[in-house]
Structures are given as C-alpha cells and as structure tokens.
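Next come two complexes, and both contain chain A; in the first it sits with chain B, in the second with chain C.
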Partner chain A sequence: MNRRWQTPWRRRGSISKSGADRAAPPRAAWAFLAPSLAGVLLFVLFPFADTVRRSFFDPMGGSFVGLANYQSVLANSAFRLAAKNTARFIAVCLPLLLVLSLALALMVRAAKGGGRLFRTTYLVPMAVPVASIALLWQALFAQNGIANSLLSAMGSRPVDFMGTGAAFWVLIFTYLWKNSGYDMILWMAGLDGIPQSLYEAARVDGASNFQCFCHITLPGLLPTLFMTAVLSLLNTFKVFREAYLVAGSYPQTDIYLLQHLFNNWFADLDLGRLSAAAVLVAAVLLTVILLFQRVLNRGDEL
Partner chain B sequence: MKRFLSLLLCGALAVCAAGCGRIPAAAQAAGRYVEREITPPGAQEKRARGLFQLADGRLCYLAGDLDWYESGDGGATWQPQNTDWYEELCALAGSREIALCLDGDGAVWAAAPAQDGIGLFYKGEDGLRQIGTAGAESGARPLQLRTGADQSVFVLALSGGGTVMLVIDGASGQVKQQFSVEPGADFGVRGEKLELFTAGGEQVTYDLTGGQETARRPLGTGALGALGPDGAVWAVSAEGLSLIAAGGSVTEDLFAGTGNRFQAPDTSLRGVLPLQDGALCVAYDTRGGGALCLYAYDPDALVRGENSLVVWSLRGSLTLNAAISAFKEENPQVDVVLQLGHETGDAGLSDADIIRSLNAALLTGDAPDLLILDGLPADSLMEKGLLEDLTGLVEEADYFENLFTAWTLDGKTYAYPARVQLPVLLAQAGTRVENGSLSALAAAAAAGRGLPAAGEVTGFAGADQPLLYFDDWRALFDVFYAAAAPRLLTDKGCDEAALTELFSATGAISEKYGLAAEPSGRVSGTVMDLDGGQEYCFPLQIEAYKYGAACQCAVLLEDLANLNGPFWLRDTQVALMPGGAFLPRISAAVPVNAAQKELAKKFVGALLSQPVQAAKNYYEGLPVRREALAALQEQLRQSIRHWQEQHPENSYPAGLVFDSAALLSGAGAASKSNDQLKETIYEQATKFYDKSCTLEQAVANAMEATRLYFEERR
Partner chain C sequence: MNRPGKRAKALSRLFLFCLLSALALLVWWPLWSMAEGALMPLDELNAALGPVLAGREGEAFWPLLPSWPTLQPLAELLLDTPQFFVMFWNTCKLVFPTVLGQLLVGAPAAWAFSRFRFRGRRLLFTVYIVLMLMPFQVTMVPSYLVADGLGLMDTLWAVILPGMFSTFPIFIMAKGFDAVPDALLEAAALDGAGPLQTFFRIGLPLGMPGILSALVLGFLECWNAIEQPMTFLKTRSLWPLSLYLPEIAAEKLGLAMVSSLLMLAPSVLIFLFGQKYLELGIQSSGLKE
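Then we have the complex of A and B:
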C-alpha cells in the first residue's frame, strides 16, 4: 500500500503511550454514566445471569440438572435446523446488506443536491411498521398475490413463495429492503469522517476513483464497518417478526429461525432448554464479534 | 472506580432483593352491594308470578297459582295473604292466563284474554269486578300490566302477530291509547314516557301521547331492565347488576354476576323490582321453583373477601360460572376472581399471546390458583411438573373414572375434566352401525346413496337415504379428526398409517357427497338462545338425520339435548365412533406454585359436584359424574313422555334406547390435539379433497408440516 495515502489516524499506533494518555477519566464522567449502567445491569446483565442460572436447572428452577439442558439442546434436531437456517441467513444477507448499503451511500453522496430525496426514500422502509410489512408480504407473495399474478401474466407458473424454499429469499429481500437505509446512513457518517484532503492529495498524484476507493475510502471505513456489521448482525434476528406474523409459529422449514424455536419453547414452558439455547447463541455471537474485532484491529495495525 | 462499581452493584442487588416492585396490600375497603336470599318459606317450589312494592313500602311476592306473600321488613319475614278470590277471578275471566299487578294501595288489577280483546279486572276492598274489555284483536294475550297516574292501566299484550301497548282508563275500561311496540319483557312509565325493556337487552323509549319511539339504547347482552322510582334504570344480566342514573348515560356496575345467583345452575331471571330505598329485588326461576333475592348496599361489607381464589381460563364457560356460584354458596367468605384470557368481545389477542402472558405469570410466582386447561399446552405443563398432583381428590367410583385418564401421567392425576364430548354415530335402533374403523365407515358411506347435487334437502328422503350427511369439509374433518386423534398423534409425531386412514376415509366421503370448503346449505340449521345471551347452533348432521336426509349421523355429542330431536322420528341408538375417543373439556388443574391450593382443590370439587354436573350442560359436554348423567337422561325421558302425553294423537316412538352410562364407560382414549396441529393437518387434507395432490403426497406433506412441532418437544 502506498504510504502517501494512509489516513493520518493510522499513525496513532506508533505513538508511544505517555502517562498523560493513561490518565483515568474524570469522576464526573462515571456519574453521568451511572444511570445508564444501572439500567444495563438491571435489565440486561442480571436477567442474562438468571438465564445462565436457569440453563442448569429444570423448567421450574427447582432442581439442578447440570449440563442436561445443553446436551438436550445440542441433540435436538429442531434446534440444529433453526441454528443452521439462522447461520445461513446471516451468511447470505449480512455481506449483501453491507455491500448494498455501501453502494447506496456512495451513490447518494455522489448525487446532486446531496441526494436528500434518495436518502429519505431509502430510509422510509425503516419507518414502516412490522405489521404493515406482514400485510404487504401477504399481498405480494401469497398464492394469488401480486407476484404470482405478474408471473402468470408473463407465462410462468405461479410460485408458492411461502410454502417452499422461496420463502428464504423473500425473507432476505425483506431484510435488505428494510435495513439498507439504516446501514446507508451509518456508512455515510463514516464517509463523512474521511478527510477530503486525502482525496485531493490522491488526485493530485493521479489516483483514479477506483484507487481512491480502494486505498482511501475502504481503509477509512474500517471502524464503521465493524459497527455497521455488528448492528446489522443483531438486526438479522429482528427479521423473525415479519416471518412470525406472516407464517406463524411453524413456518416453511427454510425460514424456521432460532427465535421461532425460542418462542415455541417459551409457550411450552421449556425454560431449561430455552435458557441453554440462549446462552449458546449468545456465546457464539460474542465469539464472532470478538473475532471480527480482532481481525479488523489486526488490519488496522497493518 | 472499582469501589464505585462495587457500590453500584451492591445497590442494584439490594434493590432487587428488597422486592421494591411489590405493591403493599391496600387496607381493606368496605361498602358494597350484597346479595341476600329472601324467598318466602314455602315459595321455593313455586314459580314467581309477580313482584311489587306498595306505597307504604311493603313487599308483595306472587308465586304459583296463586300464593301471595307480604313483607314489611324488607323480606326478613313474610305473611301469607288470602287468595281465595283468585279462583273467582279465573272463573270470571274464563282463563287462567292472567297477568296480575298490584297498585300502590294493594288493590289487584288483572288482565286476561277475552273473546274480543283483553278483559280488565279489578279486585279491591269492595270485591272483584270486571272493568271492561279493551281494544286489541281477538286472541290477544296480556303479558304484563302496570298502573299509572289518573287510574290509567298499561297493558303489554301480544296481539295480531305483534306486541302492542294498551293504555286503558281504569274507571271506564275504555282504551285511551293503543300502539305497537317492540317485543318486550317488562316496562315502566315515567310521566309521558314509556320505557320498554326488551328480552334482547335493550331499553326502548316511547312517547305516550303519540306512541312513537323516541330513543333506544342497549343495556347489555340478555339483560333484563327495570325502571326505578327515581327514573334510574337497572339492568340485570349474567354479567351482574348495573345502574344508569335518570337522564344519564354512564353505567355503574354495582354487583358482579360471576359466582353469584345470576349464573347459578338452572337459574334464570324472572322479574326485577327496584325498591324505594335504592335496593333491588330480583325473582329467579330455579329448577322446580323460584327464588327471590335482595340486593342492597351494605356499608360494612368488605369489598374483598377474607380470601381470594383466582381462577384462570382461556375462554368463559357457563359451566365454570355455575361452579363459581356453587363454590361461593359453600364458601361465602372467599372471593372468586375469574380471569379470562379472552374477555367477552375481545378479538385482538391470539391464543399464543395470551398463553405467553400466562406463562410469564406462572414463572414469576404470580400463578393463578386454578387453571382451566382447555386451549393450553396441558401435556407440557404436566410433564414439566408445573401442576399439582390431584390424585384421590374425588371419589372416583362416583365418576366415569376412565375419563380421568385424560390428565394422568405416571399413575398420578393432574387435572379433572368437568365435561366430555364424544364423537358418536346416531342411527335408528336395530340398524347396523359401522364403527369398527374409519375406513369401514367410509366404505359403508361410499356404498350408499349420494346427496343431491344441489338444492335443500327436506323431509323424508325415503328408504334410499344417504348413510351420512355433512355440509362441508370442515364438518366432516372435525368429527373424524376428533375420533382419530388419539391414534394419530404420538410422542414421536403423526402416525402415518392413522393419517393415511383419516385422509382416505374423509376423502372418500367428501367425494361421495360432493363436499367443498363452503357450506352447501342443503339443510337449514336451528339456533337456540342460551343463558347469558349466548347462542348454540345445532350441528347440521343432526338436523339432516332428524329430517330423514340421512340414515345415520356422525357428530360430536355435546349434550344429551342434542338427541332431543331425533327421537321425534325413530328410536335412536348411539354408538361411539371408531376408536372410542372422548374430548375432555373444562379440565381443572392447580399450579404447583398456587397461593391457595386447598381452596383451589375445593373448587375442583365444586366443579365435579352433583348440582353443577347435573345442571344444564349448555352444550359444553356431557357430565363426568354418574349420578348427574343418569339424572339428565331421566330428565330427557320425562320430557319425551310429557310430549307424548300432550300429543297422544301422534304415535311417537319410545325415544332414547341407548345407555348413556355405557357410552361414557366405553370411551377409551382422550383426544387432546391442539388447534395448531389440527389446522395444519386440515390444510393438507383439503389439498387432497380438492385433488390438488394425491393421497400419498397429502400424507407426506402433513407429516412434514407437523414434523417441527414434534421435533421441538423431543
């Protein structure tokens, strides 16, 4: 990589940490953080600790069962199917979303007038209530919905979108449609953080747009990439709402996600296995996020 | 920093441990309306005829044919009055269909059908005399009468196919005003306004000068209204007592119906009388007689009882209400709080949403004391140890103990069904009934005649009747599924052979009779009004069998009264459908973390007690108590005999020729499928019925569609 186009902040790694840098934040900062921290403790960490505890007990929380719940969860074919589907969904839609939203951000920035109209347009799906999306989904993808009408008009056979594997791609499409705008805004914030002087300097040196993108934009967006990826990863779990409203507790096999299983286990009061599965999923997610952070940090150092 | 974080953590823990979320119990509030039974001694065996209050405050209660009681102390004591004049009145009127009322002085006004209208009679201190014959057509029948100012007498009567209000001059007998009104149960007069209270729970106001309707408002489903002395309107229904102040529109709920006389077994409203002191008297019809209750405000009565029993049910049930009434009679110090998942009129929440809320309550220690398991994942609750062991709670010999196996696990009983429904086959006595298997039944149906392609099926279809009748796929599937469910649903999933048989049998019958998803409308239904404003629609299979449109009838038996019709035409035998399944209904269980376990167990006893079991079934299922079933069957036989005596010119058959006790004893396996599974399987079945797929494909699709459900539970 041509060091001339490295962003200034990349050099921070070479600055030796002085005592001034290691000074603790003022106490006032902690005082401001305290209420939020207390809320997180009360409503997130304590409940999670309780969930971990429940994963080692029977449904009523009366008797200790050790790892029996974990063994049962891992041996349960429904859990394996749901985990597989969820992983597949994340693996397909997350990269697609990141790429698509970045492309939208770049195009909107390049548009005249700042692309305000486009920005608003891409953000509108976020504001649409989930129940409305479910209704829209039914109107579009039902057996005699708009999509099948169009297909029939074009001479194709109707597709059972919700009863076959096509439901998976409908879910992907819905997720991308709903979340692209949000990620686009995050990317745009990241793009705004890259100094224009770098681009000017690069152009003076004869760099093309593509070279600028590869050697200035992308490296500059690495911190944004981490945040966007983590938020998008967490948002993938919210797609359960649309799937549940349209297809119920037992949808087509390809869109049977982890939350469907958790929802049904809760209805069945299978708390022990539900807690064990939740702990497993949380552990996997945490591992993925930490790994991702490590990879990005290593890239940062390079 | 570390110290700060530690302090924060300790503080948070302390807050959690202190249970700061608990709201301290409020001090006991006092002052509420209380119910007190004031039936005159000796009047319990007689139906109420009238309820009046004289100008001096004395209460007058007319019962039977005719007893007259008066009380000057609000019903604490009663003095019987002389009614020798009544026979003379009946002779003078030439009829015993007499409507009576008392005026403020205690004089008696009477109206009776007359040859050319309605005869008006008066009995005062000077004796009995006829005032005259008032308007209306010949054949008119008086329903109610009231006296008003200026010696006016108001008569509500059936006349000319409708209902009319006659305003008669009490001195001369001349009709001052006559106009048509809504069919009404009672009325009151306030100035120039007539307030009519319909049987459908509405208050209709008429202008007496012109007879026009000027206002209308609902009082509540099935409510009986009454006009108070101050112009306030009282509404009495199964929901309880309400009051609307004169000229107002806000309804004040004064007395809850749940667990009280309103919903007691075999009790219905007869009459309502608002009293001068703001209390209310209500007359009831009970089985074999009547009762009179006084509802008055007691400033010292605690708003909540000493103990509370929380009963939770997904949906309301008249049997449950009757059990609450019976329980409260035995335990008056206990408040029964009925929590319904689906409140009346609420269509917003799904069962799954409600069950999630219940689960949260069960897990957080806020469990109700008693659960009605209908619609809940009951097997899951049992398997996870969330229900109390109720083994030995009742003397099983008094019941059809085979029905209690529905909620038995590892030799322990966790719940008791109060009612059961049976998939049965009705057929003429002496004919062959194919109840060996669903396939055999379907083959017998396929071998017989089909149904007409279109048009209503009425009257006798002759000897070549189709074997069965179904109006649509849903009716067919529901009965056959109920019969097949115990064999169909196993721990591991759907049994393929049972599923294939179910689809094959129902598919064959569907094809034979040309059924579709939409009702064919070839047989008209009968709708019956139940207590509490509810309706019951007789299964069309029974209607078809009754009118000879089918030889036999496959139906879910919900009440012995379902069989009241078929007896008209032939002696009917009843056999269980193949499999001998039964559907447990209104099953009561106690959560292990219930606060009032002993009271809850007593409540289960009330649900299974003779008065509740022998009461009207309300088409919620047959009783599980042997003595109660025998009583119901005897009641049915008596009604048949009574009808036969009343109509000796018709040669009706003997009627019931089956042993209902043997029927229930023969029921073997509980059919406990949940709605979700059933709908999933039905969806695949319909694709086979409309030939969208083959039998094998439909079975495979159904197995696949239900696979996840069973895999989750493994």
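Then we have the complex of A and C:
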C-alpha cells in the first residue's frame, strides 16, 4: 500500500531534469502555497508560538513566571482527573475500535455480494450529526430510559447509565458506533493492498484459512495498523461532542475528559493554565505522532 | 485442498449474514427512530419520552411505529418557528464558507505539495500533517488569541477562518493529485503551458476525485462541529443548529424531533450521493506521506 503511493514521487524525481522542471520553477510552488501558508502561519503557527510564550508568563501582569503555570496545571486535581480519564478512554477504546473495525472489514468482504449494503450501513453513523441523535441517546440511557426498560423486561436490575461508572462504557459504545465505519474502510483498503498471489501460493502449499490469516493477512496489514491507530487516536478527542451533548459540561466523573477541562477553563478565561495545558497536550501528541512516523519508516526499509 | 461440505458452507454464510444484520440493526434502529419520532403526534411523543426529557413519572419507551403518523410537528416547525430557520441558516453560513475556503486555499497548496519539488517541501508537509492531526483543544487558545486580536470574537469569522486553513483537506487533495499521470504534465510542459494553465487544465479536472473527497469529509466535519462554535460564539442568535438543538429538546419535544431530523437530512444526503468520494477520502487519509 505504501509502495503504491511512493512510485509517483520516484518517477517524478527522474523526470526532474527534463522540461517539466523548467516549466515549474520553485517560485511557482511557493505562489501556489502562499494563501494556505499565510493562513496557517497567521491562524495557527504564530499564535501557537504566542501560546507557548504565554505558558511561561503570568496571565494578569505579564511577568515571567517560569514553570509556575505548568506546576499549577500538573498539581490541579481536575487536570489529573481529566488526563487520567482521557488516557483510560484511549487505552480502552482504541484496541476495541481497531479489532471491531477489522472484524467488520473481514466480514463485509466475506459477504461478497451483500457486502455493499453492510459497508454503507456501517459507514452511515459517520454522517449522523451528534446533535441530532443526542435526544435519542438521552432517551436511551436515562435512569428511566429505554435501555433500562429493556433490562427490566428481561428481568435484570436497571442501571444508572449516566450517573455511575457505566457512563464511561456508554461513551465507549457511542465512539465505536460512530467511528467503526471509518476504520473499516481503512482496513479494507489495507486488505485490498495484499497481493492475491500470496494467498494462492500459500493454498498450493496446503495452508489453512487460519494460517493464511496469521501469516499473510496480519503481517500485510501492519502498515495500515499504524496509520489507522494514529488517526483513531486523534479522533478520540472528538468524542467530547457526544459526552457534552448527552451529559453537559460537568458529566459523571469517569467521563470528565481533558476536553471538558479545556472548555471549562476557557469559560473562566484562565489563559495561563490553558496555554500550559495546550502545550502539554501538543507535546504528548507530537511525541506520539513522531514515534509512529519512526515506526512507519522503519517498516518501509524492511 | 480441504473442501468443506456445501451444507456447512451455507450454514456459515447464514451465520455471517445474521451477525452482520444484527450489527446493522444498531445503525438502522436509531435512524428509524429519528424518522419515526418526527412523525409521531405530540401526545404520543410526550407519553413515550416525557418520563426522560420532561421529568414525568414512568418509564420511557420508543414505539416501533407511530400509532397515528402526522406531519403536524413538521408543519409547525416550518410555518411557525422562525428561530429554526435562523439556526439552520447559521449552520449554512458557517459550513459553506468554510468548505469553499478550504477548496480555494487548499487546492493550490495541495497541487504544490504533490507536483513541485522545492526546498523545505518535506519539512513543511510534515508540519501540515502534524497540524491536521492536532485536536481542537490544542488550537483553541491560538485561535482565540487571533480572533481576539482581530476583534473577531463572537462573530462567525472566528469559526470560519481557522476552519478554512485546516490542513486536512490539503492532505486529501494532495493524495488525489498524486494520481495524475506525469506524462500529461510533461506533454503540457512541451506545449508551453505555464504552471497556472497546467493546474487549471490538467490538475483540477484530473484531481477532481481527491477534491470531492476533501469536500465531502469537510462538509460532514463542519456540519457536525460543536467545539468551535461553542467556544467562539457567545451570542445565541449566532448559534448553529448543533448547539441549539439540545436546548429546545426540554421544552418542545415535537419540534426537537423534527429539527433533529432536518439537521440529519443534508448530512445523510451528502453521504449517500458522495459515498464513493467519502470512502476515497478515508482511504487517502490512511496513506502515509
């Protein structure tokens, strides 16, 4: 899969000495880039640099305070709770999402003719705005909601979904519901990228379905795994929408996420701490992204 | 080769379809309920959902079929509720300029990344990828600083401008431009076409799948956006539907159901017509640089 996208670059490199390069001088490249670059610099990079600077200054008087903002953030109990919950959410839902979406991809492919309908079906939740299903979710998971009606009809005790630790699992369910389709498509593209000839050769050698899966499919999906994991990891931050619309600014403590914290600090215009927290989150994510990129590049050399 | 019996094969196929259908129900049931809730008469709706949303006694339920389907809530919404149109229009005013801006700013930039080799290209593209992967919480303070500095706080521009310069569509469009064959560009260069002509005559038409992918993904994202408007818009009359919907739910159940459905409609329509491009876009998002 990676190789498919690399060939155009290499080919282009080889023609760079011909007329194509003269017709397209670097100056033209910068002209094409200019509007976007100006916007990114003005709206993201410069203000982010300012955010980094502010994270070292007192938000009121503007005097240099060193790491005081960072200390205050890290010592803050709400921040610790939110960071812990966010980490727990990611640690639980990322593996679940990857396994579930891979299972969906394999099943939809196995269904052949009927797969088309299911593929569309599983992708639909992506297009469903959270706001428009928030009502339904509230009706489903309230104390006297539909899920509990079903539970009591089956003879088990009602669960206080939004008021106990169960809220965490409701959020996980919602996230899986909404994002499995996206990852399923990524997995399917990865599966398509594994050459059919490998399977044919293995079958000639008498390999079983299971052996083929373990020795051809799984290794062949490794590059897909990395990209899918990165994209899903960063998508987990959007689960705030569901959490906020269903449970508000101060939900049950297990689903009080970093996103809630940022929002609430923003409402107080606590810019010093907010800047420090933003820099911390950016630093952690940047490390993760660069690590993944490292692993990806190493995978290429093999 | 170990060939399983025909019967076993049919059975496993049946099992597969049952499993897939069960999972599909998890998608279809909520959508069906949304459509159905919008057709339910108000008294039935109140009886069904009142316990949860209006704090009444009893347990909530959601009938599979409305006992007496009616278009009355829809009519009421369309005829007697001007706020709804304001909110709907607000959403449009946020979404369309953002997506259009992404196209105008992003397509040339994507072309540059895909087709030119210049000093700093690799570094800059890495920066763009990192930016596209950063969640809103990281860019929240920077966006606020700019909006505040330019006096744009509490205007639609505070949401539109940062969205316009999102780097995600550029990544998707660049993947689309990568698929344009080099031979065409060489031929154009031999014919004496300049960079602009090449871009408009060859790049845009042939890169259209990538562009459409970026537009579909951008639309779905903007239509669904909650964080940005919530952070930068304080005046309620500027709020898009996504923020306003949860507010009306408590008071006017019937209206809330219909407006939920109407909010869902454009998104699902774009999905159905653009599914091919949506899938293409998702696939390109998974391709490493």
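Criterion: the second predicted complex is superposed on the first by the 240 of 302 C-alpha atoms of A that agree within 3 Å, B and C clash if a C-alpha of one lies under 4 Å from a C-alpha of the other, contacts with A are read in each partner's own complex, and residues count from 1 in each chain.
Everything below uses one rule, namely that a residue touches a chain if its C-beta (ideal position, glycine included) is under 8 Å from a C-beta of that chain, and two chains touch if they have at least 3 such contacts.
Note that this is a predicted model, so its numbers are computed, not measured.
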| item | value |
| --- | --- |
| First (chain B), second (chain C), both or neither touched by A:Asn76 | first |
| Partner chain in contact with A:Pro223 - chain B first, chain C second, else both or neither | second |
| Which superposed partner A:Pro195 touches (first chain B, second chain C, both, neither) | neither |
| Dominant toucher of chain A (residue count), chain B or chain C | C |
| Chain B versus chain C as contact partner of A:Met60, first or second or both or neither | first |
| Touching partner for A:Thr253 - first (chain B), second (chain C), both, neither | first |
| Chain B versus chain C as contact partner of A:Leu271, first or second or both or neither | both |
| Touching both chain C and chain B, counted on chain A across the two superposed complexes | 24, 30, 37, 42, 266, 271 |
| Contact set on chain B toward chain A in their complex | 1, 4, 8-9, 11-12, 15-16, 352, 355-356, 359, 362-363, 377, 380-381, 384-386, 592-593, 676, 680, 704-705, 708-709, 711-714 |
| Of all residues in chain A, those that touch chain B in their complex | 24, 27, 30, 34, 37-38, 41-42, 46, 58-60, 62, 76-78, 81, 248-250, 253, 256, 261, 264-271 |
| Residues of chain C touching chain A in the complex | 1-2, 16-17, 19-20, 23-24, 26-28, 30-31, 33-34, 37, 49, 51-53, 58-62, 104-106, 108-109, 111-113, 115-119, 121, 124, 126-131, 133-146, 161-162, 164-165, 167, 170, 175, 178-179, 182, 185-186, 188-190, 193-195, 198-199, 220, 223-224, 226-227, 230-231, 241-243, 245-246, 249, 256-257, 260-261, 263-264, 267-268, 270-271, 275, 278-279, 282-283, 285-288 |
| Touching residues (chain side chain A, partner chain C) in the complex | 1-2, 5, 8-9, 11-13, 15-16, 18-20, 22-26, 28-33, 35-37, 39-40, 42-45, 47-48, 50-51, 54, 104, 107-108, 110-111, 114, 117-118, 120-136, 138-139, 142, 144-146, 148-149, 152, 177, 182, 185-186, 189-190, 203, 206, 208, 223-224, 226-228, 230-231, 234, 237-238, 240-241, 244-245, 258-259, 262-263, 266, 271, 274-275, 278, 281-282, 285-286, 289, 293, 296 |
